[in-house]
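Have a look at these structures, which come just after this line.
The following pair of complexes shares a single chain, chain A, combined with chain B in the former and chain C in the latter.
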Partner chain A sequence: MDAAFFAGWLRRAAELIEADSERLTRLDAAIGDGDHGLNLNRGFSAAVAALPALPDDTVPGKVLIAAGRAIVSKTGGASGPLYGGALRAAGKALGDAPDVDEAALGAALRAALDGIQGLGQAAMGDKTMVDALAPAVDAYEQALRRHGDPAACAEAAAEAAAHGAVATVPLQARKGRASYLGTRSIGHEDPGAASTVLLMRALADAAAGTR
Partner chain B sequence: MDTRGTVGIVVISHSRMLAEGVVELARELGGGRVLIEPAGGDASGGLGTSIELVEQAVRAADSGAGVVLLADVGSSVLTAKSFVADCEADEAIGTQEVVLADAPLVEGAVAAVATAAGGADLATVVAAAGEAYDFRKS
Partner chain C sequence: MRKLINNPADVVSDALRGLAAAHPSLRVDLEARVVVRADAPRTGKVGLVSGGGSGHEPLHAGFVGFGMLDAACPGEVFTSPVPDQILAATAAVDGGQGVLHIVKNYTGDVLNFKMAAELAEDDDIEVASVVVDDDVAVQDSTFTAGRRGTGATLFVEKIAGALAEAGAGLTEVAAAAREVNERTRSFGVALSSCTVPAAGEPTFTLGEDEMELGIGIHGEPGRERAELATADEIVNAALAAIHTDMPLDGAEVLVLVNGMGGTPLIEQYIAYAAAANWFEGHGVTVARSLVGDYVTSLEMAGCMITVCRLTPELRRLWDAPVETPALRWGR
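== the complex of A and B ==
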């Protein structure tokens, strides 16, 4: 997978976020401050807009780092540093390789998760994006061990993220603004987990094109 | 005013008005010897946090002895942490010596300014801000 693949992933992610922006904002209005869709839409649009400025011979790692920087700058809420930092961590993990295989992508996803957890200090079950991303990374790695191709690994990740997001509904938030609500956060899907599903779905869509 | 050699302070809040208010309150206590700057709200002045506003404020507060960040809630803290990580990785241009204090916003800013005004070093100012958690009110 080359730089064009990663640019395609980001463009697909921006499309899915724009399409689901209202739903994300509605989820956030229930247990947060109701700006998640708007913020992410702004951040990922800025990421896509930053791509044409990259040199033609840019590498996948640089694509993710540039996108991450734009997302940190333009998002505005907590998801900016978290997703932006995650993409930058993933980009650093990819290094200067002009082409990455499914194992390197798996390592980058693991680095993204580590970046999010390092910054936000959230664990599984805290009702955050980690509840979607951690199972997604685990599922990706499992598929990789079964010698899955990029499309199979990414599809497994997307499905696991979706299950993980649904599983946040009965949880009580222990991180983020929703944690101030105490038990009233129970019964709502976490908006950060919901947006992570879109990012993993975008990856699966992009990877399906590699077959 | 002569602020050379004193630790600078940046107050990061979700709200531009809150950051400016804390700065107004704390600046008075610095007796003109401490640079304290607000970084509140998102880039368009709404609620949120902007890493670019943080960077501008750090530049303005830096007089060579390091800068202490104080943050209120949520994305303020995460943005501050991202900025510190950038400084450590030398990706941001500002001072290398930027520390996020684990401190309450208002009391921490007051304690940090009072301590910095006395010429204390960065570690001492950060510690003073953190000790503000111990100010009991009843």
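== the complex of A and C ==
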């Protein structure tokens, strides 16, 4: 998977976020302040807009770092530093390799999760994006151990993320703005977990194209 | 959505252009999205930077000026500013004595200010941060993101600003800011939600006879929905929540009865009358008070009560001259 693959992932992610922006905002209005879709749409549009400025011989790691910077600069809120920081951590994990295999991509996803947890201090069950991303990374690694190709690994990650997001519905939020609601956060899907599903779905869509 | 705007996407930049035009004492950089005192940086003075989502006006940009903030970074409506903005503001007000970041305790604000502080330190600017978390409606525990920063932000900005204006160093200014935060508690009530312009519809809806108790300042629902009560009952409940958390018996206090943006001043004074009555009944001396829209949540109806247990030194700093668009006296 080369730089063009990662640029394709980000473009697909921006498309999915734009298409689902209103749903994300609605989820956020229920337990937050109703701007998640708007903010992510702004951030990922900026990430895609930053891509053409990269040199032609750029490497995958640099694509993710540039996208992460743009997201930190344009998103605001907690999701800006969290998603932007995650992409930068993933980009750093990929290093200078011009082409990466499924194992390296798995390590980058693990680095992204570590980045989010390092900054946001959320654990599984806190009703945050971690509840979608952690099972996604686990599922990716499991598929990798079964010698799955990139498409199979990414599909496993996307499906696990989707299950993880649905599983946030009965949880009481312990991090982020939803935690102010106490037990009233129960019964709603976490908007951060929902947007993480879109990022993993975009990865699976991009990886399906490598077959 | 019925709002006095041109385009939902331009709300923050249009408002900043108006702020710049109305207040020549401010330098407004529309590109970097920072509002800076026109005379910044002041050599030898600690710089004070705050910021947060827009929609809380006059907080924070309305408190930029002599004796208060040196700069404010307004984010999108209810969305924290980004690190680039905060860094630009920090660099613009650094007079060589370091810069204090005053941060309301919301995950987004904390993370973005933290990133900006690291970037500023890379540029050899010394930064101290104080996180404001005065809202007693949220329990500070491992089960929440911690208490929210609300009305105390105004007190912290005013008192730390007075100390910085008098030439105190960064450590001293940061310590005073923390002291004010520790001595201040707030509780808010909403009688309506509000509409984020880009979202176009109210964040939540309330029935005619309902209210939200324990709200923050982002149009989010509170801890609990209750039957609408009288001003006296609402204020008594708010003060009881504050008093339980920080006993006020025999204290000398600074009080803010704060309108959330959609409650007329006449109702705010009704709330203040109830508060004054409560204080008298509890042997609390109100040394200083403020009534009005200072820390708002767009057009939300409701009010927030903020109480600070003063010391003679804090009272002196509160009384020190201030000259900003939204707060001015003694000069």
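For this structure, a couple of remarks:
Note that the second predicted complex is superposed on the first by the 211 of 211 C-alpha atoms of A that agree within 3 Å, B and C clash if a C-alpha of one lies under 4 Å from a C-alpha of the other, contacts with A are read in each partner's own complex, and residues count from 1 in each chain.
Basically, contacts are C-beta pairs under 8 Å (C-beta built on N, C-alpha and C of every residue); 3 or more make two chains touch, one makes a residue touch a chain.
As the structure is a computational prediction, the values presented were derived from the model and not from experiment.
Annotation for the three-chain superposition on chain A: chain B and chain C clash.
Once chain A of one complex is fitted onto chain A of the other, the partner contacts of A:177 extend to both chain B and chain C. Of the two partner chains, neither chain B nor chain C is touched by A:168.
In the superposition on chain A, A:82 makes contact with both chain B and chain C.
After overlaying the two complexes on the shared chain, residue contacts for A:73 are found with chain B and with chain C alike.
Looking at the shared chain after the overlay, A:21 reaches neither chain B nor chain C. Partner contacting the larger number of chain A residues, of chain B and chain C: C. By the touch criterion defined above, A:33 lies against chain B and chain C together after alignment on the C-alpha atoms of chain A. In the overlay built on the shared chain, the residue A:120 is in contact with chain B and with chain C. The single stretch of chain C with clashing C-alpha atoms against chain B, selected from 91-99, 253-261, 271-279 or 289-297, is 91-99. On chain A, the patch touched by chain B and the patch touched by chain C overlap at residues 33, 35, 39, 72-74, 76-82, 119-120, 176-177. Against chain A, the residues of chain B that register as touching in their complex are 42-43, 46-52, 73-75, 78-79, 81-82, 85.
Within the complex formed with chain A, the residues of chain C that make contact are 53, 75-84, 106-108, 111-112, 114-115, 137-138, 142-145, 148, 196, 198-199, 203-204, 216, 218-224. Listing the residues of chain A that touch chain C in their complex gives 25, 29, 32-35, 38-39, 42, 72-82, 119-120, 172, 174-177, 179-182, 184.
The part of chain A that touches chain B in the complex is made up of residues 33, 35, 39, 72-74, 76-82, 84-85, 119-120, 176-177.
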